[in-house]
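Scrolling down, you'll hit the structures one after another.
After this come two complexes, each holding subunit A, first together with subunit B and then together with subunit C.
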Partner chain A sequence: MSPPLDREAPLAGGANVEAAAPPSHPLAALLARASTLWTLLILLALIALFGIASPDFFSRASWLATSQFAVEYLLLGLGETFVIITGGIDLSVGAILGFSGMVGALAMSALIARHTGTPVVLAAGIAASLASGSFVGWINGQAITRLRLTPFVVTLGMLSMCTGGIYLLNNGENIDTIPDLVGTLGSYSIGGWIPLTVLVTALACAGSALLLDQTRFGLRTYAIGSNPVGAARAGIDVERHLVKIYTLAGFFSAVAGLMVMARFASASVQAGANDELDAITAVVIGGASLFGGRGTILGTVIGGFVITVMVTGLILIGVQPFWQQVAVGAILIFAVAVDQLRSRLIDLA
Partner chain B sequence: MPGKQSLACAALAALALAALPAGAARAQGAATIALVPGITTDAFYITMQRGAATEAKKLGDTLIWQGGSSFSPETQIPVLQALLAKHPAALLIAPTDVTALINPIRQFVNAHIPVIAVDTTISDASLLTSQITSNNVQGGEAAADAIAKFAHEAGDVAVINVKPGISTTDARQKGFIAAIAKYPNMKVVAIEYDDDSPTKAFTQAQLLILKYPNLKGIFGTNVFSAEGVGKAVSASGRKGSVDVVGYDAEPDEVKLLKEGVITTLIIQQPAKEGALAVQYAADILDGKASAVPKSVQLDNVVATTATAEDPNVAQYFYQTELAR
Partner chain C sequence: MRHGYPRAGAAVQMPRRRSGRPAAGLTLAPVAYNPRPVFPSDPPWGTERMLKSGEAAGVVEAGGGSDAPLLEVVGVAKSFGPIQAVADVSLAVSPGEVIGLVGDNGAGKSTLVNIIAGAIRPSSGRILLAGREVRFASALEARMAGIETVYQDLALALDLAVWANIFLGRELLRPGFFGRLGFLDKRTMQRRAAEELAETAIRIGSVRTACRALSGGQRQAVAVSRGLIWGSRLLLLDEPTAALGVAQQAKVGELIASVRARGVAVVLVSHNMPQVHAICDRIVVLFRGRKVADRAARTMTIEDTVALITGAGSA
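On to the complex of A and B.
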């Protein structure tokens, strides 16, 4: 993605929403696209290697385990992608996952105690989760823009607050007094192959990709990350946009919380803990720049699968689990190194 | 809410303490003994408090219960400093770090307050008059024996542990592996680490079931690993053919045990730890320190889905309400 500075003026007017203009030089264009292409190659290579090493890897059970495991990282990675493209960071996504899950489960549990019908309980629980997650994200955004604090500090503080909140909500205990339907939906797979949680995640990924690539919202996100001062001068309300971005990240964390709750048929106090770094790793492997302005949803999806395939593949070939951490770290550094080399080549071209 | 209650208890105890002369020795059985848990909200420590409070009542002593709301030296050390000013007759503590708590504990020893470690410990045992903990190696062995019995002493087993470097869970794993080695037709095929994440434990268990068709049982070494393993076994449709053994008896786990998602729980005896600690403290204050053992390791109790309703077993399940 090239810095969209040249498109800011029409953007501000709000009339002209175009897809990203291709970089001028053909070589630069090729290199710009190479980013996601080569992480995809890494992923395919991993899949091929594990497939050869373990006959179980290409089985339905393996696909189900891997894809369900990826749900958490992908959903958190989506919100994190938007945040990172603006040049920010969100360390609270994993904690919001757990917190919003507890809020939703508490709401459901309270309504069940009053003998409310299952559809209402379910709807209220989902609404409570999504609202609480979005609200925490909104607070992140407000603190970052109004108090002019760095995203790192605000979301680190929020990580701590939400983690404490999870324990305070139900004295540190899981909540499993939720409708059985939640667990039924969470373990249901369409045709035995597509778990509902994976379908929801796929839809969220597709929606995010459209939002980022095809809308003014997406262009503004890139513009702010590339050059916040320029974006503001071009008439973008940067602060308002950032609040929306962090709210969106909170929303996706809550969706992830619902998915984890559905899978376990309970809200776990440990859900989402320490997930934030995995989400950030997925986004960065996917080609996003921590300095902002660059990143794609497709890249994040690939990055998320690199991490999960590594975990499931190494278990299936029976390799010591610590190698997974070593390998993911190495891929991360390698991905960024190659990416920087690519940027320099684009500049030269 | 235990949090509020414990605060109230602590406040009451502090009042009672203020009425006593500093450093009151155990004259007519009215010593004030402080119990500092690793974390105040956990059922394990709440159960320990109940055991300690019952014993203290029996002996006519007063028990103070005060601790941090998270398991960390950062929250535990300030509690100790505040307690030192009150000068209790004895300190019972579950140290949250093997080294960070050495100096705060030394301050108590220097003030001639005997210190007994419960559950966890510190690396400098010379500061402690006694240490009471669960025998985690025995717990691991009991887990292995449970799976062996289930599997008629043949087949593959796996461990899902938290992370390496935690003394308790490492000892459980060690005991488990050593005990499985006694069965010639059984083999530990995998040891995974879930970083305390139930979703990771879930995924690992799913894949182990896939990779090892002859898998007869999985040992989850703590609350979250057992939860993840149990739910994965159910989701894979292998409930009843893959045994799930967990550790501790927190309310969530007991519920899963009764549902048969977890089939066996290896249960510690925190109430007995608390009661013994109070008893030893009283002995020390009565000048019978020589009668107090330097180190005690309590055996664990085994509960299965079949025995979960038996009152003789259920009495060991952890409680969530503090004793008054």
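On to the complex of A and C.
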């Protein structure tokens, strides 16, 4: 799951490397090489810390709570990873989660009222969610490329529009008139240990990692983030690629919306609110650069778990869980500071 | 958080593609005269569905013989409004020849290079490639026909590995099902990239190295290899050494020599007169859009050239 270059390989120490290779700052090399490793160490340290402080941390209940909690952030983080690697940002993923969930629940609710069979209702609801989420993402991409607006502005606007849309769709009320099967699936765990929602998320992570690391699509995503002008000169249709990226982010948001709906057996008007911040934090902690060109799915997964492990852990050791938000904010600032330092050092080299 | 993404049609005139079909009226193809089969084992150009076999890009008129010059520019002119950037310039380039294109700022060097590179269409005049007239609609078309342009900023994606930069935009996919899903054939690309770079004068440790970690000369080699790996026969280098130190300038000189040794023609735009005189076979001087000299480099001194550039001398 490494990006398409060998970061672990010694950049300046190979046998045949030309002596004139630029001297890389030792700190830069350390930061550049090990961003994912650092995050993993932080995660392991957190797990060890909470495990020592509270033996319950290694219980099944704790794992189920943490992993199901992580589903939301990981799925949003996947799309966000692609976006951030292109050098963009998507502030609307949380709002799309809520909006697409509402659309799906409305579709199911309407079909149930007409006594449609459950499989059809379920399929229609899932299709409506995924289609609406992808469509909103596509709109993001179109606005960014055609109107030449910054991703920040477009997705901030979309965040507001979708949040409004969530309340407009059902007059600000939650929807729980969806098939019971949704809640049943949402609370089902394979062998008692692997919730279905976690399985879906794991598959999505694996698929994204393959897409980013092994395919032409992934390579071009890195290329656009690294040098958009150069990518265009190389014959890549940068605009079209970006539209696909934002559509993908919308799609993953919709998947997250379905998972949240399954977990609570209803579509909540609060679903996804402020999630975009956690998603971006997970990606950035995971070593992706807000300047574009760098980032991995593995890093995002680790970053997502750093965020969620802290919530469960703090509750278990009896600390107010609101401290998690404080800690996540601090980690975000720290991670971005490291990213900027890294970029400066690399540019100096 | 960048904004103002380049339109694909801005830097290079990219055909807008839908569902992999070539844009109407555009046929991109491997160069017909390319003597070096690039990937004998793979279907030729199989990685890009837009590339169909057939006539070379932009060829409008058949003809020409094998002993025709590689590139012939005949009476090319270009004016931007009232400004005559290039006036009636003719030029012939043979395989393996290194031509220094020099002139003061505004003398028309960039315009001429951009015309050859397909980025600018001339107001009048003809361009013949291997004896056949070509009219490029875009830089991409010229590139597909075997004219590779390396711009001063190199256009490398510094976060990507060497092999990825060399194959960017023309990636090789795995055969079969996985290839159709877009899976990269990294092993072949890495091997091909290493082989290609081994033919240049500049050593790069591993093709898996990120370009950010490379020196200026090494980056130049990657940018040049990008074109040569597809069998380009003409290399346009725009100020390749302007941003480099002395040691790296020398490396670029070696790089150009190794390119020439492979029979590839080079047009070098540079302000570095000692280097132009050291490397080039022939020097073409532009003055106010007109060609004022086209002579073997060994028959000229640097002082001669400078005098011609400033308009103080005569050919």
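The rule is simple: the second predicted complex is superposed on the first by the 297 of 349 C-alpha atoms of A that agree within 3 Å, B and C clash if a C-alpha of one lies under 4 Å from a C-alpha of the other, contacts with A are read in each partner's own complex, and residues count from 1 in each chain.
The working rule: a residue touches a chain if its C-beta (ideal position, glycine included) is under 8 Å from a C-beta of that chain, and two chains touch if they have at least 3 such contacts.
In this text the structure is predicted, and so the values were computed from the model without any measurement.
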Contacts of A:Pro195 with subunit B and subunit C, given as first, second, both or neither: neither
Which superposed partner A:Gly125 touches (first subunit B, second subunit C, both, neither): neither
First, second, both or neither for A:Leu64, with subunit B first and subunit C second: first
First, second, both or neither for A:Gly79, with subunit B first and subunit C second: neither
Partner contacting more residues of subunit A (subunit B vs subunit C): C
Subunit B versus subunit C as contact partner of A:Thr215, first or second or both or neither: second
First (subunit B), second (subunit C), both or neither touched by A:Ala273: first
Subunit A partner contacts - residues on subunit C that touch it in the complex: 1-8, 10-12, 14, 16-17, 139-140, 143, 151, 153-161, 164, 168-171, 173, 181-184, 186, 202-206, 208-210, 212-215, 217-218, 247-248, 251
Subunit A - residues contacting subunit B, complex: 54, 56, 59, 61-62, 64-66, 68-69, 72, 164, 167, 171-174, 176, 187, 260, 263-266, 268, 270-271, 273-274, 311-312, 315-316, 318, 321-322
Residues of subunit B touching subunit A in the complex: 1-3, 41-43, 69-70, 189-190, 192-193, 195-200, 202-204, 206-211, 224, 227, 231, 235-236, 250-252, 255, 320
List of subunit A residues in touch with subunit C within their complex: 3-7, 9, 11-12, 14-18, 20-22, 24, 87-89, 144-145, 148-152, 214-217, 219-220, 222-240, 242, 290, 292-294, 346
